[in-house]
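Shared between the two complexes below is chain A, which has chain B as its partner in the first and chain C in the second.
Moving on to the complex of A and B:
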């Protein structure tokens, strides 16, 4: 029941929001109420009502195609739903009172996207998964193309076509898998039972992988991302990068690795190589960006690269680290985007070369930004460190002859992230202030509240991460048994 | 009496609370309160550290477990503190010297605005917290938390005057060079976890003991881990090739240079290797490497220090050089001697830096020693304490530096005569440049402006008192390590450390020891004499030769790094951005898109080309499909 509500609430909220017309106050209120409601429900669902029967929902749906409307709130979904609900609530708090064109539609599309993403996280039916996958994409298309920057039409078109192309290939793969099940079912459990040769696994893997690799995005499928992040309005960018990219990770963990473990092992070196190479590549490019949004975008590609590699490293440490990082990365990058948005709204520019010396007149913003930046470079005692520590450990322990090469290459990202992040801090916040930056930025109560929540989460999960790790411990253990190559051979 | 150990968490927690109080309340606290909070919390830690020290001295030690930081499957990283001889000694140095420097700072930073004054103390307290975490951690992960934490505080404090671009550049340089070392540290850490599945010192050393040189833990593993940890140490402790950040770090306020960039943080690398001495004793090749890197760093930095004219730069290169000595000691297996030198160096180098701060304070910000001279009459306390510091670092008996340097030189002598000769040379250079600094600053005629002369004054009590305390420690601090050749029942420090660091037994006659001591002392006195001849009545305008220029420009190492590392990467990044990304990958994607669009144009009579319309149709058709399904079923 909870699983169904998690999808239904934002769906209803979206429809409701469209009904508020152009009244900003009403739209704000609806957005706030529905996101707060969903967050409350998710939190309650994870704590008080932790009855497994509530986590499952199934209803008949397109039964002629062997599909059903099945949802399951498993530990991975718990982490992602909680993250999504939290990010949306913080966004609602942040956006409260800020001007937006056509607020009713803006919030409406945002909530519909949330419903779609929740569906992706919860679906245990192949067709439903695909359906939600597309459903989440469509609102994003409208949000970017209506509310975006100057180049929005061309950029959004590319984004849409690119991701759509990937998912069509995935649909083909899903249909093939369904045809191999004895009772022509799209159910996840049935699809998992399909016996596949290594060769079959191999080409199926390449049908599925593009959809997820584009969504993440993994190098070299990433070029839509900096453009889209730059052109989309910042709250939308925040949703895209904090939550939506996690659809790609979930895809890898739930819809790819358990299906094709042998192919994943076979292609592991190649895919991890691309992911890890992407870390260095994106970090170097981030170093040479002048637009704050593009810098954060490339920094995100670098972080995601490590997460992609960790998925294919396929051991307990890397998977646990990945699950932790799903949440931590979402919180941290949300913080980054909000800081960028605050700067742009107040000073009218996000060009690094036009900024400088913000620390003199805006000490509060500087304080928040530095802590978020430290989490971004994975300093110990921030939440960024925990996931990276485990993922790196997993990467070195992975069953590959190149494990140490991969680890050291990925490790260059540790150095480079300090180079571009501290470089940005220095250029934007330190030095003498200029005509643009001598106007002090006074954070509103809502903005302060949101940034405080983010900073507190950064520190709390950085100092005491175990509760979060416990949430996914059982899940990753089971996943590990499904995909680890030595377990598989023991079985055969 | 384990009770006091249970309270150990208060040692780092107190400065952390101080940092929070000062950081969050910076707009509400006045200077007196900020200084009080900052100093009192560190004093509290010092008192606790003393209590713990006496427990350890009485033979207690142990690991205090608080909670599991990370637990994955059977692998766990506990948040636990290790209390033993090595950590308790470092606790005393950090909190003791740290407290004195906090007190000194209350006067030195007094011209800062209250909010910035509080920010300064917040950073300084946060540093003490991180450093305490570093030495208290019972495993490599907790150690690494402190390790990165001190790096962060160093970054924040170097760039404390954030309006000056040169200072923030120095801050970034320090952090990034440290990060290069940190990567090596991390890979070593991952290597340990992958091989052994444990991270605790005791557990890991037990694992190594059991499996050394077998398939589970080969000689290669030992070499890789020890070398990587050493690379990490070269970053934090400013050794070749990663030392160039430390002289630039002098951009920070002078008390910061004393605490972080002389007495404590930069010794973290020595702590790491001393802590892992069991591992290093199995890796003779790594030790050989360490001894040479340390020796070369000691020589190189000493040669640069001879030609520097900024009072803080001389001290900075002197620090790099002294750290080189400590690594040399580690490399010859004399871990306890290295720790001994860490301690004495903390006393006299903190003293010298604080003394230089007092001079800079009196001179109104002037740091060029060519514009000083004759200060001994006006700054009596500063002069006498500075003189004591110089004698101590030069290694004249019975001052502290003599005993620790003697212990190192003896170990090197037994190890390799060539290295001994070079180390002695570095020691002599030390005596020379330190007394050059002393004479240029305090002797001869005053060479500054009239206005500076008018303002010359001795510093307030809050600054001179720490100087006096440190001066006393610089004299007597070495007596805990007097060699057995001189007094019976000696080497107290070595015995104290023996549970952590096995005692070396020298097969060397007392006569040889006497001869070595006499040789080094005699030559040091000659060098002091030479400096006196040359610099007691310094006249500006002496032309410099090419070699001195080369030294003054620090062998152009910074310029070399800029040319061969930073620039190429910067250009590469620009090339990736402008060419590979824009024209290559994105060009390919757009090319495919354009080809598709071209063919689509042929079909455009059928299709409108509006994505919005497609999407709308898709949603509608899906919705209709759904509805039909539901109705058909019912």
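Moving on to the complex of A and C:
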């Protein structure tokens, strides 16, 4: 029931929001109400209404095709749904009081996107998963193309077609898998039981991987990302970066690794190499960026690269770090995007070369930004550190001949992230201020609230991460047993 | 119908008469599906209305009905002979009923001719337009040529089999005689001509583009579906034993059609021409059903027929009310006519194969049917579907993201908009619950 509500509430909210075309204030209110409601529901569902029967929902849908409308709130979904609900609520709080063109349509599309993304996180039926995967894309397409920057139409189109291409390959793989199940079912449990040879696993892996690699994005499938993130309106970029990316990670963890463990081991070196190479590549480019949005975009590619490598490292530490980092990265990157948005709204520019000396005039903003930036660098005491430490431990312990090489290269990436992030801080916040930046940025109450919440979460989860780790502990154990090579061979 | 034109001069009355006629036919068809035989004519085994044929007929008649409801008024502007146009449409309808249910190759030929000859007339019905005349002549010449090939193929198969019936007695004996194979290949070529499969598609863009938009709508949807039904019925019943001989050829046809249709459509500057190439590309997908020839394929063809017809009829209905067929003519339509734009967006999303629309479910069935036989063809078809997104979304982009162009206001009255939205809702219903349609096969 809770699972169904998690999808239904944003869906209804989205449709509702389109109806509030006449009244600007009504659109703001609807968005705030629905996001707050969803967050409350999710929090309650994870804490008080802890009953597992509420976490399942199943309804018959296309029985002749073997597909049913089934949702399940397993621990991974719990983390992601909580993240999505929180990100959206913080966004609603942040956007409160800010004007946006055609708010009814804007918030409506955002809520519909949320419904699609929740569907992806919760689906345990292959066809439903594919449906929601595609459907989450359409609102993003409209959002970026209508409210975005100068080159928005071409850039978003490229994003859409690129992602669709990946998804379509995944569809072929899914249909093939389904045809191999004894009862022609799309259910996750049935698909997991299909026995595949290593060769079959290999080509199926390469059918499924592009969809997730493009979504993450993993080098070299990342070329759509910097442009799309730059041209989209910043709240949309925040959603893309904080939540949509996690769809790709969930795809890897739930719809790829358990199905093709042997192939994942066989190709693990290649894929981890690409991911880790991507970290260094993206970090180097981020260092050279002048535009704040592009810098954060490339920084996001770097972080995601580490997450991708951790997924294929396939040991307990890396998986636990990955699950933790899902939440941490979401919060941190949301913070970064909101800071960029604040700077752009108030000073009218995103170019680092035109900024400088913000610290002396806007101390509050500087304080928040520095903490968020340090979380991005994974400094101890921040949540970024916990996740990345675990992932590095896992990367070093992976069953590969190149474990050391991979870890050292990834470490290089972390050093570079410190370089470009601190370099950005120095150029933007310290140094000489000019005519543009000597205007003080006064954060509104809503903006302060949002940034305080983010900073508090960064510090709290950095100092006491155990509760979050406990949520996914059982899940990562089970996942590890499904994908670890030595465990699998021991069984036989 | 034809003769009513003498007595009745008001076009509206003629239209309603036609619509009523189609409804009666649809009602009779449904009755037949339920098993009530109102009129029993002994067709000496030449026609066999099995469940699949009846359901296809229902889909065709329903598409015809929706077509008349949406595009009926646009027909009046072409010439003075509305009653004749409507009569010709009914004649084509008769041909379609024959071609979905034939049991004898002679009836196949008869049905194809009854479908195409009125179409030659309709293509050229805009008498003052040079393009229309050219299209009609081109269609006639190439159509006659392909009918000749059809006849030759039938003759050879008769020579090999000894009878015109679909499943002849002599089949097992002379299964792969060269006479049989030759006849089969000629039949395949002729049917490929008729459904505009590459490399026999060259008549399609010019004919579709030259014909009045109203009739292009009919040709590209209802007629194409009917001929596909004939194609599948022919090869399923008649050449089932020679499956291995012709499956490879159909795969080549499908791949070529998909490739040529999609790639050429990308470069079009006129929406009408783009839709003609898109119909070639969609035919490529439907050929996957002929390639696979299993239950999933036949169910998928039904679904494909319904969703593709609805979407294309809707799009053409809007197009026939516009004077300018370029992509720029659609600029900013969402701000001026939001509901029409929304319906059009749903139609284009369905043609592109986005989930939640009937078009996705149809493509899904086709891919599922084909995947069991050939992974590569299925992957290729999916890749081509991704290519098709480019040109379908160009219209959506023009409607929603480009500023409004200064042009004359278009005539979309409330009734039309309401019906268009109804068709759009139907497309979505087919996309979420396709079993409601397919289940009718098995009641």
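As a convention for this text, the second predicted complex is superposed on the first by the 491 of 492 C-alpha atoms of A that agree within 3 Å, B and C clash if a C-alpha of one lies under 4 Å from a C-alpha of the other, contacts with A are read in each partner's own complex, and residues count from 1 in each chain.
Everything that follows uses one rule, which is that a residue touches a chain if its C-beta (ideal position, glycine included) is under 8 Å from a C-beta of that chain, and two chains touch if they have at least 3 such contacts.
Quick caveat: nothing in here was measured; it's all calculated off a predicted structure.
Residue contacts after overlaying the shared chain place A:473 against chain B, while chain C stays out of touching range.
In the superposed pair of complexes, A:62 makes contact with chain B and with chain C alike.
Using the contact criterion defined above for the overlaid structures, shared-chain residue A:220 touches chain B, although it does not reach chain C. By the touch criterion defined above, A:52 reaches neither chain B nor chain C.
When both complexes are overlaid on chain A, the residue A:131 reaches chain B and chain C alike. Chain A has more of its residues touched by B than by the other of chain B and chain C.
By the touch criterion stated above, A:161 is placed in contact with chain B and with chain C alike.
By the touch criterion defined above, A:430 reaches chain B but does not reach chain C.
Once the two complexes are overlaid on the shared chain, A:179 sits against chain C while remaining clear of chain B.
Residue overlap on chain A between its contacts with chain B in one complex and with chain C in the other: 62-64, 131, 134-135, 138, 142, 145, 157, 160-161.
On the chain A side of its complex with chain B, the touching residues are 60-64, 131, 134-135, 138, 141-142, 145, 157-158, 160-162, 220, 222-224, 281, 284-285, 287-289, 316-317, 320, 357, 359-360, 363, 374, 379-381, 386, 389-390, 392-393, 395-397, 404, 407-408, 411-412, 414-415, 418-419, 422-423, 426, 429-432, 464-466, 469, 473, 477.
Considering their complex, residues 349, 354-356, 364, 367-368, 371-372, 375, 378-379, 382-383, 385-386, 389-390, 393, 397, 400-401, 433-435, 438-439 of chain C touch chain A. Interface residues of chain A, counted against chain C in their complex, comprise 62-65, 130-131, 134-135, 138, 142, 145-146, 152-153, 157, 160-161, 164-165, 168-169, 171-172, 175-176, 179.
Against chain A, the residues of chain B that register as touching in their complex are 67-73, 75, 115, 141, 144-145, 148-149, 152, 155, 159, 162-165, 168-169, 171-172, 175-176, 179-180, 182-183, 186-187, 190-191, 193-194, 569-570, 572-574, 576-577, 581, 585-586, 589-590, 593, 611-612, 615, 618-619, 622, 625-626, 629, 633.
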